[in-house]
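In the two assemblies presented below, chain A is common to both, partnered first by chain B and then by chain C.
And then the complex of A and B:
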């Protein structure tokens, strides 16, 4: 959360996160290439390195894709999410290394430019068995590059959160490309059933986690609010909302977070302006609604970030009567001050 | 809880690495003495493929990178050269150190004897000789296809890999084919031709019109 852009500083949490990533990368490559060299003395070092980097990148991609839904299902995993972009950039670096080593190994030193060779050596697009799988990996790498290059908040604000989020949802297209890259490449040559089994397990895990997270959220979306006088809707018992926390309800197609704090109730859009994080899963910290993803803050009454920060979200009118919270479905423009309802 | 989660993730990471690296293979037995050049003395021949016939035996010849050797200027003459040995079983190739080949004096050796084995219809896989004999491992199958295309396009001698009824893989030097082979590399294909033994090298002098996908 910033009004200007500064060099990134590594706090203790970021350092621990990054050291853990480096440790994982070193452990994986040492285990894969080191033990691989002992078990397969005829394998060339380049082959072991390319395979080690490729499988490591695939594992990191699965972890990245799992973090989001795991955190929606259990907020205790949120620390994994805070610096997920570090993991993303690290995964891109490993993927790039896999790509560059492969390009040098398979396409350089020949009679045409290596990139021309990559795009033209195999033209069997008429056959699934012989399909040019390396090109699928190349296109996935381009998507990962765009994501890594725009990971800084400068690009989030320059592109707008909607465009930025859409661009970064490209990770699912990249995952599909990588999956096809492996199925139409390595799986065509390897005889062991272990690689396809692990790949299928990874796909099943990612799909299941996303479906479980979606089911949890759709339960909120399906909840019907009872109407009352003056267009207010019944949003449930006030006692169902913990102090300094929120309950999320869906009004039409918009999710709204209703916060209870200091004997009052305020409602704002559930969508953080930073990366569309779920504000309703955050808490009131130092008097401000604090996004669980990256700590962006908003004043409950106005939906505006404390000065000098410019972010604002929509606000909603609320009432509290007979132990229940009522909310008016009409959204007020971002940053509009709405008096909080007082809990009697 | 987070500390336990991270520790478990690191353990799973190592377990996956060990599982995947164990599951690799099998790898062909081959070797490449990368940039370990030693001296050779013998006669070079351009046909059926660039080769050196020396006291140590017959060696196919290539240049560094994905390029075949051009020995036309040396005729069927005696030369000294330095090369890095590429070897798979009894099949051998030399990657010639750039600028190391020199004309030598002495009586030229006679071309290697050619023994006709017979006409055959064979099913196998086209690979590039340099990678297959040891520069890369693995160097056959789909993953290596693009590299093989690049090597063959650069003039590296093609090999035809054929399994006999017992499952043993045989390496045949493939001649008589043009650039048409590039579209058929690393796929199961059928070829007809004359099988010959040239020195210690088995050669399939193929009929290009017989090339078919299996």
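And then the complex of A and C:
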């Protein structure tokens, strides 16, 4: 959160996150090379490296894809989300290394440009066994490149959160391409049951997590509020909202976070201006609603970030009566001050 | 504001959950040993 542009704001947590990633990468590659050399003494160093990088990239992609739904299902995993982009860029680097080594190993010995060779040497799209699987990996790599290149907040602000999010949902297409790349590539030459078993386990885990998270979100979207006088809607008992926390309700297609704090109630849009994070799953810290994803803050009464920060979200009128919270579905323009309802 | 993204997300993962297992099964069904044993070869 900043008024002026800042390249990267390094803090202790980011450093720990990145050191953990680098240590994990080094340990995995060392273990893969060591075990691989023992089990396959005839394998060349290049082959071990290509396979080690490939399997590592696949593992990292699974972890990246699991972080989102796991955080939706259990907020205790949120610290993994804060710097997920670092993991994404690391995964892209590993995938790029896998691609470059493969290109050199399999396509640089002829008199044709290696990239031309990659894209044209195999055109057997009519055969599953001989399918040009390397091209699938190449297209996935292009998507990962676009994601890594636009991972910085500069691009988030330039493209807008909606466009940026849509672009980064390309990771699902990339996952499908990588999955096909492995199924039609490594799986066709490796008859061991271990690789398909791991691939199936990874797919089952990722799809189950995403579908469970989607079901949880659907339940919030389907929630119907009872209407009352003057257009206010019943948003539930005040006691159901913990101090300095929120309850999320759906008004039409919009989600609203109703916060309880210091004997008052305020409601703002649930969508953080930074990355569309769920404000209602955050807390009030130092008097400000704090997004659980990256710590962007908003004043509950106005929906505006504290000066000098420019972010603003929509605000809503609230009432408290007979132990229940009532909310008016009319959104006020971002940053509009609305007097909080007082809990009697 | 984020409802369309959630809907897209749900549809994408439903489709992937159906298609990718089929792809895995198909790829396992067609795979053959890439280095079959040469029965004509008799090493000392």
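In this text, the second predicted complex is superposed on the first by the 342 of 344 C-alpha atoms of A that agree within 3 Å, B and C clash if a C-alpha of one lies under 4 Å from a C-alpha of the other, contacts with A are read in each partner's own complex, and residues count from 1 in each chain.
The criterion applied here is as follows: a contact is a pair of C-beta atoms (placed from the backbone, for glycine too) under 8 Å apart; a residue touches a chain by one contact, two chains touch by 3 or more.
The structure presented is a predicted model; accordingly, all values stated were derived computationally and were not measured.
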Review point. When the two structures are overlaid on chain A, which partner does A:196 contact: first (chain B), second (chain C), both, or neither?
Key: second
Exercise for review: Name the contact category of A:59: first (chain B only), second (chain C only), both, or neither.
Suggested key: first
Check your understanding: For chain A, which side has the bigger count of touched residues, chain B or chain C?
Key -> B
Review point. If you stack the two complexes on chain A, which partner ends up touching A:188: first (chain B), second (chain C), both, or neither?
Key: both
Review point. First (chain B), second (chain C), both or neither: which does A:32 touch?
Key: first
Check your understanding: Now for A:230: first (chain B), second (chain C), both, or neither, which partner does it touch?
Key -> neither
Practice item. In the overlay, answer first, second, both or neither for which of chain B and chain C A:217 touches. Key: second
Practice item. For A:42, select first, second, both or neither according to whether it touches chain B, chain C, the two together, or no partner. Key: first
Practice item. Figure out whether A:176 sits in contact with chain B (first) or chain C (second), or with both, or with neither. Key: second
Practice item. Across the two complexes, find the residues of chain A that touch chain B and also touch chain C. Key: 129, 184, 188-189, 191
Review point. What residues of chain A sit close enough to touch chain C in their complex?
Key: 128-129, 162, 165-166, 169, 172, 175-176, 179-180, 183-184, 187-189, 191, 196, 199-200, 203, 207, 210-211, 214, 217-218, 221, 253-255, 269, 271, 276
Review point. Across the complex, what residues on chain C touch chain A?
Key: 1-3, 5-6, 8-10, 12-14, 16-17, 19-21, 23-24, 26-28, 30-34
Exercise for review: Could you pull out which chain B residues touch chain A in their complex?
Suggested key: 1-2, 5-6, 9-10, 13-14, 16-32, 64-67, 135-138, 141-147, 149-151, 153-154, 183, 186-187
Exercise for review: Report the residues of chain A in contact with chain B in the complex, numbered from low to high.
Suggested key: 20, 23-24, 27-29, 31-33, 35-36, 39-40, 42-44, 46-48, 51-52, 55-56, 59, 63, 76-77, 79-80, 105-112, 117-118, 121-124, 129-130, 132-134, 184-186, 188-192, 194-195, 198
